[in-house]
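One structure is given below, encoded as structure tokens.
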Amino acid sequence: SPSGEEPAAPKTQFSIGWSIYAGWMPWPYAEQAGIVKKWADKYGIEIDIVQVNDYVESVNQYTAGQFDGVTVANMDALTIPAASGKDTTALIIGDYSNGNDGVLLKNAGGLADIAGRQVNLVELSVSHYLLARALESGDLAMTDVRTVNTADADIAAAYTSPDVTAAVAWNPQLLTMKQEPGTLQVFSSADIPGEILDLLVVDTATLEANPDLGKALVGIWYETLALMQQDDEAGAAARAAMAQLAGTTPEMFEAQLATTHLYVEPGQAVAAATADALVETMTRVRDFSFAQGLFGQGASSADVIGMAFPGGKTLGNPDNITLRFDDSYMRMAAEGGV
Amino acid sequence: MSSFLSLRDVWVEYGDKIVLERVNLEIDEGAFVSIIGPSGAGKSSLLRVVLGQDAPSRGRIELDGMPLEPQCDSNRGVVFQRYSVFPHMTVLENTLFGLECAQAPFTARLFGAARRAAVAEAKDMLHAVGLGDNGSLYPAQMSGGMQQRLALAQALVKRPRILLLDEPFGALDPGIRSDMHRLITDLWNAYSLTVIMVTHDIGEAFSLGNRVLTLDKLRHDPHAPNRYGASVVYDLPLTRKDPPRGAAELPAARSTRKGKNNSITIDKIDNT
Amino acid sequence: MSSFLSLRDVWVEYGDKIVLERVNLEIDEGAFVSIIGPSGAGKSSLLRVVLGQDAPSRGRIELDGMPLEPQCDSNRGVVFQRYSVFPHMTVLENTLFGLECAQAPFTARLFGAARRAAVAEAKDMLHAVGLGDNGSLYPAQMSGGMQQRLALAQALVKRPRILLLDEPFGALDPGIRSDMHRLITDLWNAYSLTVIMVTHDIGEAFSLGNRVLTLDKLRHDPHAPNRYGASVVYDLPLTRKDPPRGAAELPAARSTRKGKNNSITIDKIDNT
Amino acid sequence: MQDRGRSVVRWVDRRIGRTNGLLMGAVPILLLVLLYLFFAAERHAINPADKILPLPGAMVDAMRALVLERDPLSGRYLFWADTLASLQRLGLGLAISTASALLVGLVLGLLPPVRATFGMLVTGIAVIPPIALLPILFIAFGLGETAKVALIVIGIAPFMIRDIAAHTAELPREQIVKAQTLGASTWQLMLRVVLPQAMPRLFQAVRLALGPAWVFLISAEAIAADIGLGYRIFLVRRYLAMDVILPYVAWIAILAALTDILLAWSSRRLFGWAHRSAA
Amino acid sequence: MQDRGRSVVRWVDRRIGRTNGLLMGAVPILLLVLLYLFFAAERHAINPADKILPLPGAMVDAMRALVLERDPLSGRYLFWADTLASLQRLGLGLAISTASALLVGLVLGLLPPVRATFGMLVTGIAVIPPIALLPILFIAFGLGETAKVALIVIGIAPFMIRDIAAHTAELPREQIVKAQTLGASTWQLMLRVVLPQAMPRLFQAVRLALGPAWVFLISAEAIAADIGLGYRIFLVRRYLAMDVILPYVAWIAILAALTDILLAWSSRRLFGWAHRSAA
């Protein structure tokens, strides 16, 4: 570990932060349904699932040490905790966005019409990344648009204003915004499958000192996923409960799930974690982040932050690895080892 | 001729405290009425009702035969017992204000020649009350007596038809006090003013007024001190050889009226 | 014996306005000093300096031979010209406050027997100033004169060694006024008080005091009215056949001291 | 000159009775409601699915479940649970702010050395927008109730302290001097002269702080909470569910207005001396 | 009884000179800075890459680029461009709020019928947290500069109006009556008696409103903006760049404190009559 940190002492109480997003709703549901308690009891620990209404704040709080783990997108895991020197392990690759993020234009014929417009989006987020990829695909440059930072909580309302003619957003806001008359989705994460990943990350030192935490978390996750995938009453009830927790209707929630590619089986997640595509994706994300200054003022190249992948592959500075994709716990789940 | 100002069965109450009860009063135009009475009798309350600041809880007040609206205008000038000058205006501005209101309805400020004329008038009045040197002071920078004199100058410069004075000279030393007596008498003579003045100085009451009213409680219940209010217990018209009134005779008036209180007739009246 | 209160070359200035200049004064313990002078002369300013509320801009004040800190304590009671009663306390609470401060350092409130005793004392004092019936009123519900009497009761109930009075009786009618004169004279005799009183009533100044000071400007420059301040222009010790002092002789004192101002000697002094 | 014959009382001099006052006060609010209905109807004429300005029927439907039905997951009546949680936080925040405004405000206002030392600091804190410090706040106070209450306190207490201090410093010097001549120590002066006279102002300050207090409460709940009026508003805002947001906001306004009226009424009851005497 | 011999001046009676006051005021601020440095150093001892409490060096580095170097994309000095944009919005919002506080506040305070009719409405608006109603604000004001200024105005104007109205209603009735006896019409009364006496209070109200105004400005800039101090703070919050946030917050505090001092000083200069006479 990079900083000569003393390994964290074993402990029995853990807290995991989460925020509302279709791909993360299994966590609060598992808590309410008693699945969390069941697994925690099995390993003799306690796990607190804590909701944070504001996504950025939940990641910040994890970085500041208030949580042992947090639900986060791959890009933000890199630019917030990892760039802050917090050694972080991606324990679970839950899903990739398969249309949950989209670029919307009003009164447009296609992506080319975005040129010269003012685009409202959460700057420096995955939306920004998606916009960059969209522009790239249309042979446009970032300088062809003007971005306006818009809070994710307000972007749906902001989009109803005639002032806004272009926006990038994610679900559930995206669904709401698509209903605005005259709206066309010109690009979405479905066009770049596998690049926007939704993870559960935990503090590396804590995980090393408490492997039981990792086992319990994957146990919870895959049991819940299995339950919600069931095509019966129990599965429908679980999905309805998640919709309710997200403050929406079952129909809307199903619509969001449809654009979320969940790695339902642990095996699929392991495959995603070990694929070369992951390294490629993270390279892209990292270059984008560095270009946007997300590694902080001190960063002189995209290589300052190191990432480790399953099988000993690394990216960037191997002496400063702060983001680790770890497939071992998912693999345990796949092999029934938890 | 019906009287100028008349109070018919006027009561003033604060909550269940009766301050004035059954006050009946007819005041002629041009009268100088002095009001005396013990502290707390209701003298200031009576003035407030006549001024229109407060409405009587019962009874009627008529001015020139018209019922009096409970509101104030420039026909009735006033000097309150507590300082009522404007704290944000200098002495000169305080005195000018009345003139500016009359002449500049929209801006309430004068400029150029009109201002110079008004300033001259205000300064004359300030000299008359002994504040000639203090035009640029703010009220907070003045002594208690000086503030009271300013309030007087402010009221007098408007030449009101009725002037209500609540202990205007209480805080003045004898020298300036007799100057002020002269000033008020002159103005009274010159402008056919009607003056109602509350004072604690019986000598002043009799030497200035041509009618002296005494306010006091007619009945008193020691177990319920608030049950009975005060009323007019003595009404003393002072008959004197008054000089003929008019602005032309101002210098004469000054010497004739000063310090005279001969041939007084006193009638004890029952106000009930 | 060095004098009780001494002012040595005291100046009071507000900005570049000189209010008092070169005031030298020695006041004996037990004196009753009346201060008169024109409005705005600086009488209230002088009292404020002696009270310790304001520090003189130059000069020194000594009490009992010790330099006077510019701060106030219960040795010096005061009645201000403007109302200084506490608006949030009833008449009774206002009067009790001084007693509560002395007896309950922490809560400043009394309970049970101690409170009953204090209430009795306060009520006696309120009766003496003619406010016996008004214990439950708030200051805003009282007339100007009643507020002034309350301020007096508040100060007197503490039996201070020095009592500073700024026109305490200005707003009172003659009846209550002579009652108050009697009260203050009695207290002065009974408690060997030192009293400094500002008044505009020359008769009051001479009948109550055993020394009368006149404050006025010695020089006046009409083009720079602020250049010169006032000082003591007359200092009149009044020599009378005083009765021997003492609480025991209180009833006697009451009749002997009333309304006497015979055998006065007047010396014009030059204060420079 | 003024014409004396007119019988119209000047507006300055009009006194309005209690019932009349309530009626007149209701008029502009009713007008606003009508204006809203007009715009809402107009928008719905163009787009029947409009979510921004929902019609009353939609609001009633949306609220019915929250108000009258138990949430199957938590077993709570969400609307009432939200209200309770928010009021608790608000009450605690207001109580702490009020207490510190009294303590610190009085001392700052009365004692010049203390004012010189801490006045600048209080001003500094008062003008720092606490929203900008949210990350630090949550780190310092955790994500629990403490942080939410702390945001309210940090948001409104400095303002209240400054108000009370300024008011205390304006007490006529004559009163302080008079109390000292009556033998009052600084403590007694504070307790019996300054404190009681600051109380009506304190009530006024709390009334003025109510608006900002709600703002901070909602901001805090927007970021980290799982229950509360502000949480619900921000939760459903993702779906632009104005049919829930508007009733919630109206409810907040009613709660705040009731608090305001209650405070005004208590102040009049408790500190009659400080309000215009009832003539 | 009191001992008369002591030479210690009571705290109530101490007067603090100008220079001394500044020095004393600096002490607790310095202490706070030291406290911060201590904690920051401690955190860095554990994790040298800590971003939560950056050391002064990191802040200087981070700020240097923003303050001294042109942004390659926009060609602007970002720090100064942010400051200018925010100050413009704030200034406009404060100006509009102040003007409306004067106009509405005076009329509400002076004319009882108007107070009866609109007092309740103003209270209602004052207590509604504007950030809860953002969607409606977006419709009414769009997303541009207007909306940001409007949020500030809606946030602080009702509070200022209520303050001025309350203060106006407290004017001694004697003064109103006196002015009327001097022939003043309601308009003249307003212009020459009520307005000038409300001015010092207005300055005080603006000072008190500065804190909330910054809060609303930053909230507005957090919602939708591409420049401004609040924009930058919320943008870099994305990657926990406290080395930018803290200097920005300090800068806001300095700007706000300067405004505060300037307002206090102008009020003393312009309305000498309203402040304690310089003895």
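In order of appearance the chains are A, B, C, D and E, and numbering begins at 1 in each one.
The rule is short, and it goes like this: contacts are C-beta pairs under 8 Å (C-beta built on N, C-alpha and C of every residue); 3 or more make two chains touch, one makes a residue touch a chain.
Because the structure is a prediction, the values reported are computed rather than measured.
Counting hops only between chains that touch, subunit D reaches subunit E in a minimum of 1. Among the chain pairings, D-E comes first (most C-beta pairs in contact). Measuring from the averaged C-alpha position of subunit A to that of subunit B gives a distance of 83 Å.
Subunit A and subunit C have centres, each the mean of its CA atoms, that are 81 Å apart. We define each chain's centre as the mean of its Cα atoms; on that basis subunit B and subunit C are separated by 30 Å.
The distance from the centre of subunit C to the centre of subunit E, each centre being the mean of the chain's C-alpha atoms, comes to 47 Å.
Contact of a single residue of subunit C with at least two other chains is seen at positions 14, 71, 73-74, 82, 141.
For subunit D, residues that reach two or more other chains under the stated contact definition are 2, 10, 52, 135, 139, 173, 180, 183, 222, 237, 240, 277.
The multi-chain contact residues of subunit A, meaning those touching 2 or more other chains, are 60, 64, 154, 157, 160. Only residues 172-175, 177-185, 187-188, 191-193, 196-197, 271-274, 277 of subunit D touch subunit C when the two sit together in their complex. Within the complex formed with subunit A, the subunit E residues making contact are 46-52, 58, 61-62, 65, 73, 134-135, 138-139, 142-144, 222-226, 231, 234-235, 237-241, 243. Contact residues on subunit B toward subunit E in their complex (touch as defined above): 51, 53, 71-74, 76-78, 80, 82, 84-89, 97-98, 100-102, 105-109, 138-141, 151, 154-155, 158, 160.
If you check the complex, the residues on subunit D that touch subunit E are 2, 10-12, 14-16, 20-21, 24-29, 32, 52-53, 110-121, 123-124, 126-133, 135-136, 139, 155, 158-159, 162-163, 166, 173, 176, 180, 183, 186, 189, 204, 207-208, 210-212, 214-215, 217-219, 222, 230, 233, 237, 240, 242, 245, 248-249, 252-253, 256-257, 259-260, 276.
Every residue of subunit A that touches subunit E in the complex is listed here, in rising order: 3, 5, 56, 60, 63-64, 76, 79-80, 83-86, 120, 122-125, 143, 146-151, 154, 157-158, 160-164, 294, 296-298.
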